[in-house]
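Each of the next two complexes has subunit A plus one other chain: subunit B in the first, subunit C in the second.
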Partner chain A sequence: MKTVMIVDDASTVRMFHKMLVSTPDRIIEEAENGVEALEKAIGTQVDLFLVDVNMPKMDGYRLCKEIRRNEALRAVPIIMVSTESANRDAERAYQCGANYYMTKPVDADMLKLVVSAVIGGGSNE
Partner chain B sequence: MSELLDVFIGESRENLESASQELLEIQSSGPAPERVDKIFRDLHTIKGSSDLFDIKPLTRLAHAAEDLLDSVRANEVSFSNDIGDLLLEALDQISIWFDELEVGSQDLEQWQPISVNLGAQLRHFIDPDASCGSSNENEAVSSKESSSVNQNLTDTQRELLADFSENADLKLLCQTYGPYCYLIQYTPDEGCFFRGEDPVNVALTLPGLKAFNIAMPELDHDADIYNCMTRIKAIGCADEDVIKQHMAYYEGQYTVTFFSSQALSASCASKIRENIAQIPDETLTDAIADNNLEQVNSSAGLLLASQDFSDADCDDAKRVTLQFLSTASELDFLSRAEPSSHAETAESASQSISNEAFVGTDDKASVNVLSNADEDAPLKSNVKLADISARPEKILAPHEKAILTQQLTLLNSDNYKTELMFPSIAGLVGNMLGETFSDEDTLAVAICNALDDETINEQADEIHKQQSTEEASAETTQQTNTSPSTADFSEINTVPGRGDSPQPIKAERQAVKMLKVDQTKIDYLMDIVGELTVAKNSLPYLAKQAEEEGGSRKLSKQIKAHFSIVNRLTESLQSAVLQIRMVPVSHVFQRYPRLIRDLARKLDKKIELCMQGEDTEFDKNLIESLSEPLIHLLRNSIDHGIESPEERIEKGKPETGRIDLIATPLDDSVIIEIRDDGKGIDPNKIKLLAFQKGVITESQLESIDDNEALQLIFAAGFSTSEQVSDLSGRGVGMDAVKTMVSQAGGTIEMYSEVGVGTTFKLLLPQTMSVNRVMMFEVSDQMFGVGMDAVVETVKVPTSDIQRIRNEHILVIREKLIPVCNLREALGFEQDVDREEQSILVVSTPQGEFGLIIDKFHEGIDVIQKPLEGVLAGYAHFSGTALLGDGRVLLIINVQEVLAKCR
Partner chain C sequence: MGLKKKVEPVANISEDFEEKRETPRTTEQLVSELNSNDGDVRRWAIRDLSGQKAACDEFLRRLPFEDDPTVIEALFSALEQDMSGRHASQVLSLLKSENVQLRNGAIELMQQNPDVFAANVTLLMQDKDPDTRIFCVDIIGAVAHIEAVNWLHQFALNDDNENVVGTALDKLAEIADVSTLDILQTVESRFPSHSYIQFVISLIRSQVRGADE
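Presenting the complex of A and B:
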């Protein structure tokens, strides 16, 4: 069982991403912002973060930094998903510790593939 | 409608509401950064989500608004009321679109112009010059051209055409059929593939397309192959409108210039004549024989252009050339294009070319593509790039490669810090490749091996070098870091381990949150509870039956004991369900500041709205059904109540009018007051008007007091407005308000003092709960009346009822109570004289009344349902209820019945 945590303040987007990445062998956790994500993640097993950039309370960049600073979560890969297509945002995401950056709205198949590639499993292969 | 769309609309509506609230706040108290930020995020969310559903006009509008707010946030644009108004307009528009989406009646075509228009207006604030620049320019060009049709092309246009390809003007000319031609330069957005756009297809489907070519810059080896780097140019014949419509979604990504075909013809004429004379017949055949594409192409171009001169020989040659071109060079191109399956442009180009229909119908366009592709060095380099990526032994999917390449880039980046980034990268890559890594070197090598790319290998070497130099310094820092970081580690790890430690418990508590539930589910639950309430009522019947028929008092007692338990549980269940449906009145109130502001502006009045008790809770259905009447009352106050600023100053009142909207809980009810400090209502004027309109009789004119007169405005067919305005007097008067309020089970009253103001007071039940009803019998039929209206029940000798003037009066404890015979009022036959009469005394806003009935029954709990169908017209019944034994109980609307009595 792998756990994917979807962090996005828009419930529509969370639902959409959940639809895309959820498979029987995955547990999907959701969080509305960075603070909530960290609270939920600490003490549980998370295998992948799917993080939005623009969020209230704690945005995606800061969340990435916090995850990388946290000894327990450090090794968890992060995929950043943002509406901003500008390259500088991707650059910033990588600087903050994201492993991969995708622009919203994500290509459905691509997201599935990327998530499967990163944590394995998934129904598509 | 899909579930996802439902969620989207629900969420976006919340966003809209909060955004417009913040906007109003900003307008009244200035732009606070956090408010702007909140609105920005709201719009951002709407934009992002709408993109999921491919609702382009919506996305575009939200995007424009978001950009504007971004500029405001960055202090590039200062917030003005105009900006606020326009943003509100945009929010309204979006809200309207949501309405359409919800019912599924959306017409994106119609949305398009609205979106473009509003979007442009919004962007105008960001950059007043640039926003209109491109379109104005185009308009200028086209208008200039249309006014001087016969003139030659402008120099710029000629340059553009020459830039397109050498003989573009000729090619275009020989295929022109409309009065206008265009040349479009379309540079798709880099990220367009991620939005599912297909730029090549967009170009191919341009109306009246004649030829297009794709240019691609020299790509760096590390260029992101998923970005669109192409520039597309196309020429064709079509009107400006058509092209703009076609390209509507790609605003800002293209420039287009229009010119008349006559101008084109004039500028080409000499060129054609010169060239056509120079072509010896054998040139073409030679060229074909030599497979000299360039020669064939240029000859063909000239021949095509010479169409106007209709030379029979040329025609023959032309056909041959075309056939040759469309077969030979197509194959040639395809063979080159095939390996480049990852180079998106080439792929889509080849796809479209291999599309036979296209080649067949518009071979000239493809000729151009082919010849250009053939000459295009960048494309070849692209092919090379694709070749490389096709070589790896272990075949990686493009996305896997992209991920791996990214990890390598991360390892190589300036910001790379071993202790922060290595674990996740190593884990990720390890997971993908099925290996484990302990240091950067092996990791980088493994990635490179997997990618098996020489260029990347070179990169890796660089990393090695860099790292070996850095290693020494990194090691020292690592060592100093080791002890504290391990300490950290153990601390963090032990916390979740201990079950009683406060941290995880706290997190768990916070996780318990709001639950969004579809309202229909709650309504269903409510219905069931209602039926349960009714069903439990049958238990007392059963007890009675057991006692009377079965003769078992013991059983009867047991049933009664159980009834009390079931009764209690049902009641708790009921109040629990009702509690779920309770929402604060702010749910409805929050829409009003906006309304007041808009109306006040329209009427040039200054009005301040003060709301109190917004957190008073109310049943959701009820409060929503009240939204409309409240709006009506507010409109009335604004339209008729509050005077114009000048008038107010004259009267010595503050310039700004004030409307109070107050909600106060009172037992199981809520009082909502709408109070204005306007001119008030003159009861005498109302009386007179009511008389004129036949609402009251002449005798009433004298008898009713001021307070009663004021209530007359709720009578059907009454409107005090002498002049119907578009705000309030829209055919529905106060009677409609009253109907809606009483349907919700409430009452409405009005108080007014001339020159001081008017107050509307609504008394509403807090829930659409179960009503306690007093049952009674008239002419062998059961009726009910709401228990809260019942004052007392008395039995009096018939002789006690006296007749004064036209009314029956009963004196109870020295109080005069008018009496009404329900038999008469309900249209039953008059009863034979009785010695004793049963009187049900009820209270109404007009005082206490007595109702003569036949027999009293017990009080019961029922769920009152409104009358439906033909019965709905009977105002003297407020609803029906189902009894425990299956009978239907009609519940009397006391006020209406009394009105009929008198």
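Presenting the complex of A and C:
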């Protein structure tokens, strides 16, 4: 089983992303912001973070940096999803440690493909 | 270009300041201390300046340049007490900041001042920057105002940016009422191939109908 942590302050976005990436061989964890994500991730086996950029308390960029600083989490892949499409935002995401950067609205098929490419599995059947 | 290292240790500045603080300081001195290199001095200046006539203007002048998170927090706490409608445009300009703490602070200030926010919402709705409009929607989602649902309807019906509309629908999923059902078909037809918007619209429909039963 692989664990995907979806981090977004909008519960509807979390539900949508959960619907897209859920498969029988994946556990989905959710967090409303970076602080909650880190609290939940420490002591849990997380295989992928799917992270929004703009969030209260701790935004996605800072969360990325914290994950990369944390010995137990630093190797976990991060997909950042943002409404900000400017190149500088993608650059900033990569500089903070993201592995992939996708702009909202996410292409549902592309998100499924990227998640499967990163952690394997992905059959919704 | 290299920066010159401070010759005087920070601890000495703070000790000197503690002595100085025992004597009353004029408003001008306090304003000047808001720009001190020492974060402790800036925090005390905020505390001692708070409540004075020019305080809000000075706090808002300082905020865009402040980089110490604890001082930013102190500035926003002080503004919470003293802010008025006159300061709205300066607070709202922080929504465009690259600093997340400044943006979130501005959002929270507006949430705590619903009438000030209401007086400026039309301006924000017309802002050219979709990110600023998204922050406006975020404020609406948390502000306790009788017009909140109506403002979200306007965003969903009229905004051209799909992310702004998506965020407005996120918030409607939390606070929608029966009147929202009337606009959903129009919004649905504006973004027929947008899977997220279609998803949230179905969610809102089932929530409102569920709550109505």
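FYI, the second predicted complex is superposed on the first by the 123 of 125 C-alpha atoms of A that agree within 3 Å, B and C clash if a C-alpha of one lies under 4 Å from a C-alpha of the other, contacts with A are read in each partner's own complex, and residues count from 1 in each chain.
Assume a residue touches a chain if its C-beta (ideal position, glycine included) is under 8 Å from a C-beta of that chain, and two chains touch if they have at least 3 such contacts.
Keep in mind that this is a model prediction, so the values were computed, not measured.
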item: Partner chain in contact with A:S11 - subunit B first, subunit C second, else both or neither; value: both
item: First (subunit B), second (subunit C), both or neither touched by A:Y94; value: first
item: Comparing the two partners subunit B and subunit C, which touches a greater set of residues in subunit A; value: B
item: Which superposed partner A:R62 touches (first subunit B, second subunit C, both, neither); value: second
item: First (subunit B), second (subunit C), both or neither touched by A:K104; value: both
item: Contacts of A:N54 with subunit B and subunit C, given as first, second, both or neither; value: both
item: First (subunit B), second (subunit C), both or neither touched by A:G120; value: first
item: Touching partner for A:G43 - first (subunit B), second (subunit C), both, neither; value: first
item: Which of subunit B and subunit C A:M19 touches, first, second, both or neither; value: both
item: On subunit A, positions contacted by subunit B and by subunit C; value: 10-13, 15-16, 19, 54, 56, 83, 104-106
item: Complex contacts: residues of subunit C adjacent to subunit A; value: 100, 103-104, 107, 130-131, 134, 162-163, 166-167, 169-170, 173-174, 194-197, 199-200, 203
item: Touch list for subunit B against partner subunit A, complex; value: 4, 7-8, 11-12, 38, 41, 44-45, 47-49, 51-52, 189-191, 194-196, 397, 399-400, 403, 406-407, 409-410, 413, 415, 419-421, 423-428, 431-432, 485, 488-489, 492-493, 495-496, 503-504, 507, 510-511
item: Touch list for subunit A against partner subunit B, complex; value: 9-13, 15-16, 19, 36, 39-40, 42-44, 54-56, 68-72, 74-78, 83, 85, 94-95, 97, 99-107, 110, 113-114, 117-120
item: Subunit C-touching residues of subunit A, taken from the complex the two chains share; value: 10-13, 15-16, 19, 54, 56-57, 59, 61-62, 83-84, 104-106, 108
